[in-house]
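Below is one structure, written out as structure tokens; comments come after it.
Chain naming follows the written order as A, B, C, D, E and F, and within any one chain the residues start at number 1.
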Amino acid sequence: MYGPEQDTPRFSLDFSPLVDRLIDLALEEDLGAGDVTTLALVPPEQKGSARIRAKQPLTVAGLAVAARVFHRLEPRLTFFPQVADGDQVEAGADLAVLKGPVAAILTGERTALNFLMRLSGIATFTRRMVSAVAGFPVAVVDTRKTMPGWRVLDKYAVRLGGGRNHRFGLYDGVLIKNNHLQAVGSITAAVRRARAQVHHLLKIEVEVATLAELEEALAAGADLILLDNMDDAALAEAVRLTAGRALLEASGSMTLERLPRVAAAGVNLISMGALTHSAPAVDIHLRLL
Amino acid sequence: MYGPEQDTPRFSLDFSPLVDRLIDLALEEDLGAGDVTTLALVPPEQKGSARIRAKQPLTVAGLAVAARVFHRLEPRLTFFPQVADGDQVEAGADLAVLKGPVAAILTGERTALNFLMRLSGIATFTRRMVSAVAGFPVAVVDTRKTMPGWRVLDKYAVRLGGGRNHRFGLYDGVLIKNNHLQAVGSITAAVRRARAQVHHLLKIEVEVATLAELEEALAAGADLILLDNMDDAALAEAVRLTAGRALLEASGSMTLERLPRVAAAGVNLISMGALTHSAPAVDIHLRLL
Amino acid sequence: MYGPEQDTPRFSLDFSPLVDRLIDLALEEDLGAGDVTTLALVPPEQKGSARIRAKQPLTVAGLAVAARVFHRLEPRLTFFPQVADGDQVEAGADLAVLKGPVAAILTGERTALNFLMRLSGIATFTRRMVSAVAGFPVAVVDTRKTMPGWRVLDKYAVRLGGGRNHRFGLYDGVLIKNNHLQAVGSITAAVRRARAQVHHLLKIEVEVATLAELEEALAAGADLILLDNMDDAALAEAVRLTAGRALLEASGSMTLERLPRVAAAGVNLISMGALTHSAPAVDIHLRLL
Amino acid sequence: MYGPEQDTPRFSLDFSPLVDRLIDLALEEDLGAGDVTTLALVPPEQKGSARIRAKQPLTVAGLAVAARVFHRLEPRLTFFPQVADGDQVEAGADLAVLKGPVAAILTGERTALNFLMRLSGIATFTRRMVSAVAGFPVAVVDTRKTMPGWRVLDKYAVRLGGGRNHRFGLYDGVLIKNNHLQAVGSITAAVRRARAQVHHLLKIEVEVATLAELEEALAAGADLILLDNMDDAALAEAVRLTAGRALLEASGSMTLERLPRVAAAGVNLISMGALTHSAPAVDIHLRLL
Amino acid sequence: MYGPEQDTPRFSLDFSPLVDRLIDLALEEDLGAGDVTTLALVPPEQKGSARIRAKQPLTVAGLAVAARVFHRLEPRLTFFPQVADGDQVEAGADLAVLKGPVAAILTGERTALNFLMRLSGIATFTRRMVSAVAGFPVAVVDTRKTMPGWRVLDKYAVRLGGGRNHRFGLYDGVLIKNNHLQAVGSITAAVRRARAQVHHLLKIEVEVATLAELEEALAAGADLILLDNMDDAALAEAVRLTAGRALLEASGSMTLERLPRVAAAGVNLISMGALTHSAPAVDIHLRLL
Amino acid sequence: MYGPEQDTPRFSLDFSPLVDRLIDLALEEDLGAGDVTTLALVPPEQKGSARIRAKQPLTVAGLAVAARVFHRLEPRLTFFPQVADGDQVEAGADLAVLKGPVAAILTGERTALNFLMRLSGIATFTRRMVSAVAGFPVAVVDTRKTMPGWRVLDKYAVRLGGGRNHRFGLYDGVLIKNNHLQAVGSITAAVRRARAQVHHLLKIEVEVATLAELEEALAAGADLILLDNMDDAALAEAVRLTAGRALLEASGSMTLERLPRVAAAGVNLISMGALTHSAPAVDIHLRLL
């Protein structure tokens, strides 16, 4: 289901008040009372241009955010993307060209690059993971282990890297985890209660750690099941037991090396917190021309 | 100057409207219209307790932020730190205990852990770097390559890891970089212009790439000089040339292995963007008791 | 599925930044530069008490919101609920008692009552609708035709009246409407494309106006189908055709009188925009004691 | 005073930060992390047009607000009003035409319609009430029983329906109500105290329930008197007694049928909370062309 | 009317979201990323106390605002007022005592004092002006020439100094000024149009520069008339002409010396922009004990 | 250092979220629910123009802020500056011309003028002070005694008047004051502790009241020393003692008359709180043409 029949993914970033607030926060924390260096050195009327360039191979993510950073600072500055979000580029590729007041280019440089470096870092890292399971009918998905304040952006970058998103927050999907089960008492009771309460467009996923729990969750009618920290053999057995009655998500202790074995076990989804909590930034520079 | 004579560092996190805004943003993006799972499963009157535990050795950072996340959600929930920010703990150590409404514990769990995992990740990574230069009269400092929206927190975590902070933003220090020099024309003119404009409590730092530029910057009276991407030999020569006339900061291509050689070259500061843009998250869990 | 086996519904209102912002907006628009009448007439130190009383039979909704309105104005004022949200009370019932500074009681009165009157109005109106289909295995659900700014509150009041919620927004469920179909071209293509894009915890609902469209939607694998403006006979035929392959939601031209006939047709859900866009306010007063 | 000599009313909606905040709140609550249906189905580059059409006779209110909703989402979308706020139109009339990205039209549809349906509902309902007293020298006025967060908009819609506004909040007029009188002790003392405290551009109104209180309020020099819940005979007697010494406002238990009798009693103003707390929404659709 | 029969003025400062926003703005602009001096020098656990002392005779204004500044920074800090807003104190008087964390006292000192020094400056300056007309049945009133962002506070300080407030903004009173008259064409038309449009609790004031305009304004039924920049003789003649038909406000070129002559002319109100745009700050210090 | 070799100062006002928030606050407090006078009198379609004119000689400050006030209200209104910030103009000079909807001109007039009158007041007052020390190698600098909420603007106006800025807040410079010394115990300890904690681009200033303290501060290595409330003789002695080892700032009891004597004593900086806390507003009008 999550493979060859997928449509071309859609990458446009919707209007997002949360992203606007993050951009404002970022500019306020960096500018404070003003960019004293640029204000002292660069006359406001000086015009120029600059390019943003990849210093390593990477999957591009965040051009629209970078453009908004500069636009928020100085509406007269123009941002010309040279590639598109989702493109894979080589070291040395120009990502964008800017034209306008030099002072605004210099003042916005760091904030814009910080967004680009992290988001492209996530996309690039995700793409490596996704490539490791190419050919398997499995999706690599993110988690809610995103940077606080960055949820929409982090998950957008995952999509650009070829990954798929898990739920966006606590509101758009039911995921019954071990802590919930401890509070409720049993999987059966928890699934029944959730089904009776949540609206009819949300599916229900249950986290299980053993095959016995898996059986209980299937019997309770869970739509998806998160297999927590199982080894490859247990995963394969879980797939066999489930026999298509629910989607299966493998989670925990995933590494690039292990991914093909997990995919081969036949699960539908592999979730990795590292996509968003530990992807290293990629190197991107800005140079005045 | 930046070594044995240092005072015990101060770790308290000042009142910060920017941090409050980030916490609100984080809760809003995760909660949206509500935590449908917990709302369905856990009665609002159910009380309980939980502990937050390190799953690996780490330097603790962010307990006050985690406490505020939970307090914002539910003022009746109490957060008992078991260690202090800056402590180095082993795997299995309890970082905090929570008591109060179970629903609030479950709803706030992910956001609070996301803050803790990243900030402790930065502190832990920084401590490794700082340890590599132990004994040298040098400071490992951060940069402005922080996560947009997280500047105050990221730099706080660096201090907890034994690093020191560079300027916080564009407003509290002059750093004349190569893009500025391109806009102005010469180091001498740039330093003179900055000196004539900025207020009298700010020092002036200049980025140079060659020893010739270093000479010009020293002659112009720069207070600090950033040596950009020089190899170890060039750094040592720069130290010799400068002869104490300015503080020297080495930057670019720093790795754990290289740090002792850079320190041995005699620079005063080594700045590393990776402290904040690429420190991997550390593993921290929350369990209901 | 949506009837006798339901758990006791949970009514607690989660932490909600959106609700806090609406309360602030409401107080700001009413207070402006201050309550000139109360400021002139009531000394700040005068203490007193008041009760909030139902002037007609109603289902209570919004006590927590009213309490927050008063608390925002004056933290020293205490709000004692006399009933609980969801209770059905007679005319003359006391809903709450307030004790504290008289000035704050008078200043907050109108804003607090405005919240209570509308939310209890929705709950009361919903209860009448739900009662009309008592005994049928059907749920009366709301829509997104809520008051802008009030989404979380309006849907909370619907639950208190015994109704159930449809999706909360554009983010927590796929609903393919006729305008979407016009943009895409066919139901089959639309469902396939949605399935390939959205995350795995969201179900897919399709709006159809004819039985032919219903067949296409079922064949495409829709999880739910919205039967738009069909008469009772068509609804019954749709139920027969569907034979349990998807949940069916009837929508359009619902009235109190018609509801039992629609329920009898066998659909699973009946959605009514009027629950939130046209429920009349109920009468609630506040009197100083 | 409030009749034939009135100027053509002015309908333009001033710059209002409160309205902007309500629009943002409305979009945030509906969009959350994004419109998953439209994002999955409609390519960002697809252009189209749509019309907004009345499905019943109504008085138009809120076109400027609807336009801002779409503009906030997507500045490249153009909104062409086909009628003006305040116009009375028949079922089937086109209210506006939109041209631009189809995705933005579909994403903004519900929020824009929710504003239009409620505001036009208020204007339409108000016009019915105002028509019932046509020919009498009386004004039908609103109250502060508006939807929290909507004060400026609700009162704007009342004006569009031919009604007039009462004070906008607690800050732009003195209205001494029975709760105030209970706190102060006497009408005479309350009016004297208010006159001595409030600024010289504000008039003073007193709520009375009996003719004796009316006499006291007149003697105290009240500028307006609110006659609370009096029957038609009492209202007429109040008019006779007052003999033009103050403006008289009748309030409480107003219905369409009773309005002409109240007007005939000779009061200057009739206030109706129902104009804003219980006006049913009118039916308005949006269709892609 | 505006003299001996006045009640004791009421000084309490209502809940005000605008004041809260100003306090937050003030703290954010001063703290930025933190108080580097205090953070370096004062351990967070150090407790102490301080007093705020008047360095010159003054009328106190702003204690509640100062208390909120400190409370916003550090809820554990306690603020003990030693006098009350509106009190007149001598040089050397203690205004307040603070107890709690020393760091918070030092960090909040400047912001709190800046509020106190300006607001007490306005109250002190106002009291001098009011004293100059003691015994005359006239009120000294403020204008809208307040510091942007400070409207509520500035006008509160005027009241504390014995002055009275004019309208608070553009929304709570009609004042037809010469620019309006130029746009409309005549005083008669302007008053008639205003009367027909604005709600019935607002009075209408007209600005006139000549006695002929005064006659026209009186004939048009203005409730108040602002006599703009008239000399003492013209003011007296205006009072004679008006003969009590409207309240008269003298404005323009007021000085302490001239005030008694203007009061003697018999006007009801004297407005002075200088109360809020040019009152010098008074000297107030904070000392650790 | 602070004299002839200074560059032409740079006056452009950077992007500032804090200034935007202050402008919004100012418009909200003045407009509230709307400008009732203008709304009643001026049709929205009426176009016109106006000029802003100086009524006294002054140094211009704040044109960009005034322009933003009008633009925020009505984007179709055009603001044509006739002079530039920093210009010195005579009474009668036109500062700006506005063209566009008359209603917006009238509604924004007071807020825009309030900004211009205060900022130009500061610039004008500062210029008088600066002129008094013309020819001396000394800078007149501001303090943190600015209007809360106005820090960036107040300090911008000081620069326009020829003054120089001290630090902008608590974050961009270390200033150890007497209250800090009381908390720490000694100057030597305080300087050492500050040097060990704050980042390497910030200088350290110490406030001293006696020559003995001055000696201690110099020995401790302070970069600047604030001489608090010393008389002219003590200042001269301090200059002699210091012999260029640190910059010296004189503060306290500065008057126009005394300034040349203080400058003659040889200090480097003279700081005056009065520049921003007590500069009288200058007179500026707006007239419709």
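Throughout what follows, contacts are C-beta pairs under 8 Å (C-beta built on N, C-alpha and C of every residue); 3 or more make two chains touch, one makes a residue touch a chain.
What you see is a predicted model, and the numbers here were worked out from it, not measured in a lab.
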item	value
Given chain B and chain F, the chains that contact each of them	A, C, D, E
Required minimum of steps from chain D to chain E, each step between chains that touch	1
Residue-number overlap at the chain E/chain F interface, same or different (half cut)	same
Of A-D and C-D, whichever chain pair has more C-beta contact pairs	C-D
Centroid comparison with chain B (C-alpha atoms), farthest chain	D
Mean-CA-position distance for chain F and chain A (Å)	45
Where chain B and chain D are represented by their mean Cα positions, the distance between them in whole Å	53
Distance from chain B to chain A - Cα centre to Cα centre, in angstrom	23
Numbers and ranges of chain C residues touching at least 2 other chains	10, 18, 28-29, 31-35, 39-40, 107, 151-152, 168-169, 171-175, 193, 196-197, 202
Chain-level touch network, classified as line, ring, star, complete or other	complete
Chain F residues within the chain D interface of the complex	24, 27-28, 31-35, 39-40, 43-44, 72-74, 103-104, 107
List of chain F residues in touch with chain A within their complex	10, 12, 14-18, 151-152, 155, 168-169, 171-172
Complex interface listing, chain A residues touching chain E	29, 32-33
Residue ranges of chain E touching chain F (in the complex, touch as defined)	18, 21-23, 25-26, 28-42, 46, 48, 50, 102, 105-107, 109-111, 113-115, 117-118, 121, 144-152, 168-176, 179-180, 182-184, 190, 193-194, 196-198, 202, 273-274, 277-278, 280-281, 286-288
Chain C to chain A touching residues, read off their complex	1-2, 5-7, 9-10, 139, 141, 164-168, 171-175, 192-193, 195-197, 199-203, 205, 223-224, 247, 249, 268-269
